[in-house]
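Think of it as A, B, C, D and E in the order they're written, each chain with its own count starting at 1.
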Amino acid sequence: GCSSTGGRRAEEARAKASATAGGAVTTPRWKVAMVTHAGAGDAFWDTVRKGAEQAAAKDNITFLYSNDAQTQNQVQLVQAAIDQKVDGLLVTLAKGEAMADVLGKAKAAGIPVITINSGQEFSARFGALTHIGQDESTAGQAAGTELAARGRKNVLCVIHEQGNVGQEQRCGGARGTAGGAFQVLYVDGVNMPDARAAVSAKLQADPAIDTVLTLSGPMAATGLQAIQDARRPVELDTFDLGTQVVSGLKAGTVGFAVDQQPYLQGYEGVDLLWLYRSNLDMLGGGKPVATGPQILTKDDADALAEYVARGTR
Amino acid sequence: MSSSDVLVQGRERPAALRRLAGRPELGALIAAVAVFLVFAAVAEPFLRVSSFGTVLYAASTIGIMAVPVSLLMIGGEFDLSAGVLVTTAALTSSMVSYQLTAVTWVGVLVSLAVTLAVGLFNGWMLSRTKLPSFIVTLGTFLMLTGANLGVTKLVSGTVSTKPISDMEGFASCRWLFASEVTVGGLTIKATVWWWLGLLLAGSWVLLRTRFGNWVYAVGGDAAAARAVGVPVARTKTVLYLFVGFGAWVLGQHLLFSFDTVQSGEGVGNELIYIVAAVIGGCLITGGYGSVVGSALGALIFGMASKGIIYAQWNPDWFKFFLGAMLLLAALLNTWVKRRAERGPR
Amino acid sequence: MTELLSLTGIGKTYGTVRALEDVSLTLRTGEISCVLGDNGAGKSTLIKIIAGLHRHDEGTFTVAGEEVRLDSPRQALDRGIATVYQDLAVVPLMPVWRNFFLGSEQGHKRWGGLRIDADGMRATTRRALADMGIDLPDVDRPIGTLSGGQRQCVAIARAVHFGAKVLVLDEPTAALGVKQSGVVLKYVTAARDAGLGVVLITHNPHHAYLVGDHFTLLKRGRMAGSHARAEIGLEQLTTEMAGGSDLAELSHELARPTAPPADLAHPVDPAHPVDPAPADPADPADPADPADPAEERPQP
Amino acid sequence: MTELLSLTGIGKTYGTVRALEDVSLTLRTGEISCVLGDNGAGKSTLIKIIAGLHRHDEGTFTVAGEEVRLDSPRQALDRGIATVYQDLAVVPLMPVWRNFFLGSEQGHKRWGGLRIDADGMRATTRRALADMGIDLPDVDRPIGTLSGGQRQCVAIARAVHFGAKVLVLDEPTAALGVKQSGVVLKYVTAARDAGLGVVLITHNPHHAYLVGDHFTLLKRGRMAGSHARAEIGLEQLTTEMAGGSDLAELSHELARPTAPPADLAHPVDPAHPVDPAPADPADPADPADPADPAEERPQP
Amino acid sequence: MSSSDVLVQGRERPAALRRLAGRPELGALIAAVAVFLVFAAVAEPFLRVSSFGTVLYAASTIGIMAVPVSLLMIGGEFDLSAGVLVTTAALTSSMVSYQLTAVTWVGVLVSLAVTLAVGLFNGWMLSRTKLPSFIVTLGTFLMLTGANLGVTKLVSGTVSTKPISDMEGFASCRWLFASEVTVGGLTIKATVWWWLGLLLAGSWVLLRTRFGNWVYAVGGDAAAARAVGVPVARTKTVLYLFVGFGAWVLGQHLLFSFDTVQSGEGVGNELIYIVAAVIGGCLITGGYGSVVGSALGALIFGMASKGIIYAQWNPDWFKFFLGAMLLLAALLNTWVKRRAERGPR
């Protein structure tokens, strides 16, 4: 049987107007590789990649993407990109020092490098042209400031990948500026029922908690469920976006979201490499380019909904 | 024939006592009680009724899979793909319903067909190639992980599925897979009923049917079982189908309770299912164990992982405590079993 | 006497080892066919082909006149061939009664045979074992905790209990005590009398001659002889089994306590063939050797 | 004749099964002590205690006058007790020669014994097996692919090869053919003559009486008799082993082809005790039964 | 004794041929060649000398651990803690040197002591408690994961260690564990030498020493091995010490090549080591396998995972391809072995 509501048909109806125009550049077909420290199937990184792919399509660039969460594997992937003699390299520097050697090799091979997302402090040192992104600590601090402004007294920061530097920095930054009590909870981000039970357990154990801060869109959705389970008036705030975050913002169940515009990081990374190769341009003269943090609230929800549903915000 | 002519082979202690001591789950039961007592003592919120619901929910989401996984282990095989298969089930159901704009029940049924097909594939590969199940299901595990991501991106354009809560049939599916009832402060989720049902069915099949006898036999000594006419390949394949069924149930719960599904989920959970089975008394080499034990294993895991949170121990050391708890539970388990076997003096 | 089994020119190779070559055997109803031979001669291999555990590489194998190539023991069982293997084919961790009924579980009537009748199966097992002189009050014990002989008894009792048209036994009495051996031989003759065909492997020529109707001798995988009972006497059979070498000579050597241990390297001297002791097949009242009842069965 | 082993009032319980109770045994140099008994009587259990595989629960166990409680087979081996187990204790996937030397590997001199002398070990294995009448050109085959009897021969050859002061054998001849059985018995007597003590378990009273100096009878885990060779004859031994029940009677039954299969439930009729056949122990020239050389060994 | 009196047990084909066919690694060798040929055909950059260095490096970081892990598996046991133990080794070394402001060699030695202690703990727990190694090392795995994080946070205040490249001894340590030589465009990292050394040593120990004989025996049938006097517990403990040693080497490489260490890493690698061993012909149940095979397994894994990158296949499907490659390699492996065993007709 068919469903008369929702589903693909509804989406198609909504998206009738949208159309994409093909760009036309005259540069030869270059090859750009992006190597990130993302785990597989991470929505945030998917958005980064979408931006990069869009820019590559526009700039007549062959775009190669690879990712691995482990330092040594990410280094090997960068090396593999160098072996493939790419024309440009985009790298995340979540594990700063570890990349020093291999980026030196890229430099020696004459490959221009731009760092994205994390690792602003290493970028120039390792000879990158520029850095596009946002320091996780800075984002955390922005979240903390917002929490303080909203008068949250007791915050629970949910880290869904234990030992992940970026997530630690987000929580760490927020702890620094939030003012009130601040706790951390580790959950298993690939086991949502368990994560949900863990957060509700924590809420049951500590009645003082008045805010849950999650670090990704999907975890925000799980956090909302946990709050429901715990039957307590707890506010949920989050980093990054997602369909459920936007609908949460709209409905008022999500207080605010800290966004760093992942699409922009990917898009600008590729585009700047293209500009550099075709015209030796460099945005900001090589100074780091910030893509966030941006605090989004109920007011922004309506405007964002369409882009989030499309997977580009 | 006079009874004196019959050799009495040694003299035996009362059989009932020995039978209790020989039950694979006795140790797990005592370990579960011990873990409960520990947290009851150190974590005041642990004893609240509402907390009990949370722990039960956590245990049930492990336990639903631990039932077929323990049966499979008694049958002498592993399934490393069990964790991601749950995600596959949820993704399939969601994407089929969404893309066809069909009543969600269509997706639910297609999803069942897919999980059973994966189980069939595992069983078929195992019996045809004679490869160890560790390798076969590791292959399936990697392929499913890749396919979950690849297909989702291909179909949805993103790494997660689109919400389907506004579709027809969602409410009834949700009722079946993700509803909850609250009785006197205790919230019981649908997964708990499913768990209970699977537990009873699995236990009955194992202990009271001819198929259960075969499961023990193929795990204990496949060559001997084959020699007396047990269809070894078919038995193992059916066990993989069970795992597929369990993954389907849990996958539907995942979908209808969270509305959207991330394609990267489920990785690593297969180990937790195996742990639950082993803590519950299943031998890793097969041929021994019980379904009830796996439920106790799931309960221990659920209590330990949530108990640490209720007790508010330093979260940095969470995994450390969890590992220590598991080790202690397993130790207590074997100690009890050995004591029981030795019997009263 | 209809033909139950017939093997013609059977050959079997394990990897690089040639275990059987051009072996033939025929079994009829109400007949006991004994297979004899040295260690490694290929007896178990022959049995495993009949039981469907291995496929033969050469030759033809017919069951009830139909040529077959058995792929699994199930097929053999379905054709009425019940087997006791030398390595017993029991599952050590399973309770005795589950092992006993494994593959032929007994269903409850009320449940349409789906639910097994555990108590009935326990009782049957206990009874079948008691009949063999093994009283095991607790048939819930894992079979791995039984003694070697007890396990053997379970395997034999199982095959006899479910035995259909052909009963195949690989050295059933090897691990058995005097009494149990007697019981097993009694089962074998009873099965024969009930019209079954029996293939019996044993190292004990007395046991073989006591019950056998036909004797096949294997040597290094080949047939070294095939005799009907009428054609051969116990002495001749014993000599052929021993490969013609002299075991009485061994008794001599054993009797010499001064035999130097260095002599160990040459335990059997083939140069001194002797005539084995003549048995007394005539007098049924003559109390037979209790361990190896050498008494001849009168021809019907 | 110094005392090698002495067990007094030994008891052993497995979980809820009482396998041994108040069993005593003494072994001196140059002596063969036989342990006899029905299936499940506790013979293997006794052997396992001597071999250090199980600890005894009650009683005292002294080796060379010193009371011990062996925790591992290593300790038994170090005290010079070499054992052949009924279940053979071989590792199926390992090549024959590695199994042969397992636990007593032979080192190269040049490497200070660190590096093993594989070729030397292969050659020794091949030789030791050939001595038993097993010619295995490729000792690199996994031992699991050997026939039951071949494996038994490897286990026996191993114990004999490394045998120190005490050799313990659990039903060594059960799976063996006529020739191999003879070889094994010859090894046993040679070991005795070399001054070793031997504990031998067998179901074959002829084998036992042929070589034994002392006979211990077990019944349901208890001692049912303990006799020096001088005190007991073959007939009496056989009767005791058979538990006093009548096996000649069995021969009668076997001889009746009309025996109804329903009779299977009562295979042994205890009501008819008979006198077993008298053996002729006097004449060494009398050619003995080749399968079961019943000839008596003259007292030294 | 005349030779005619000796029974020839069947007639056998030439032993040399049979021996080659019986080698556990034959199948893995052919599978490795096949994987190489596939990527040589589809991925142009794969054949470059520099790429060869990258693949070799990737293989070596798996292979170093696959050597002791395969020995352990032949000895019949698992080690699920092997992956995080590498991280523990790196963390310990870094933090000890940094906190004591000592020459880095001090940290390196303390780290060795720690990894060996963990190995000892695993072996001791295994033999004392008689628990399955799956459970024991899973406990260690969780505890180490927790301790890595907990201790690092306690000591450094963050989840990663501080850089130590400016400390004394760093250069010489780096030379030993993380240097590289380039010969004609081919860059060979120090890990490759370590791998080679461990490979030769491991293979020699397994095949040519008394200890190696014991390893086969305890894995093939621990009860039988014990019965003939093999010190089963000690043998297994030594195998765990080997794993500790391998983890130490790889951990030092990580530290001295990347300068800082993330405390959350290493999880999941234990499965890759086991896969390398199994692809290389080790039986999951123990008693059979080879060290050289594990190296081929590591090579197959390295070639497949990097080959997919060089071939520019859709990264979404990376795991899918990897799983398919592994399954095909394992299939080819068994197929070859079975053909070889059957011998020429």
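Assume contacts are C-beta pairs under 8 Å (C-beta built on N, C-alpha and C of every residue); 3 or more make two chains touch, one makes a residue touch a chain.
Chain by chain, the UniProt names read as follows: B, E = Xylose transport system permease protein XylH; C, D = ATP-binding cassette domain-containing protein.
No experiment lies behind these values; they were computed from the predicted model shown.
Counting hops only between chains that touch, chain A reaches chain B in a minimum of 1.
Using the mean of the Cα atoms as each chain's centre, the chain most removed from chain B is D.
Annotation: 22 Å between the Cα-based centres of chain C and chain D.
Note: centroid distance chain B to chain E, computed from Cα atoms, is 30 Å.
Rounded to whole angstrom units, the spacing between the C-alpha centres of chain B and chain D is 48. If each chain is reduced to the centroid of its CA atoms, chain A and chain C end up 73 Å from each other. Under the contact definition stated at the top, the residues of chain C that touch 2 or more other chains are 14-15, 17, 38-41, 133-134, 146-147, 150, 243, 245, 265-266, 268. Those residues of chain B in touch with two or more other chains are numbered 1, 5, 7-9, 12, 18, 145, 149, 153, 268, 283, 318-319.
Counting partner chains per residue, chain A shows two or more touched chains at residues 40, 162.
The touching residues of chain E, when paired with chain D in their complex, are 5-9, 12, 15, 18-19, 22, 208-210, 212-214, 216-217, 220-221, 223-231, 283, 287-288.
Contact residues on chain C toward chain D in their complex (touch as defined above): 14-15, 17, 37-41, 43-44, 86-87, 127, 131-134, 141, 145-150, 152-153, 160, 171, 174-183, 185-187, 189-191, 193-194, 203-206, 210-211, 238-239, 241-243, 245-248, 250-255, 257-261, 263-268, 274-277, 284, 286-293, 295, 297-298, 300. Listed in rising order, the residues of chain A touching chain E in the complex are 40, 64-67, 70-72, 75-77, 79-85, 95-98, 100-101, 161-165, 168, 172. Residues of chain E that touch chain B in their complex: 80, 125, 129-132, 134-136, 138-147, 149-150, 153-154, 268, 271, 274-275, 278-279, 283-285, 314, 316-324, 326-327, 330-331, 334. Residue ranges of chain B in contact with chain A, taken from their complex: 43, 45, 48, 50-51, 54-55, 57-58, 61-62, 97-106, 145, 148-149, 152-153, 157-160, 162-169, 187, 191, 253-254, 257-260, 262-269, 272, 302, 305-306, 309-312, 315, 318-319.
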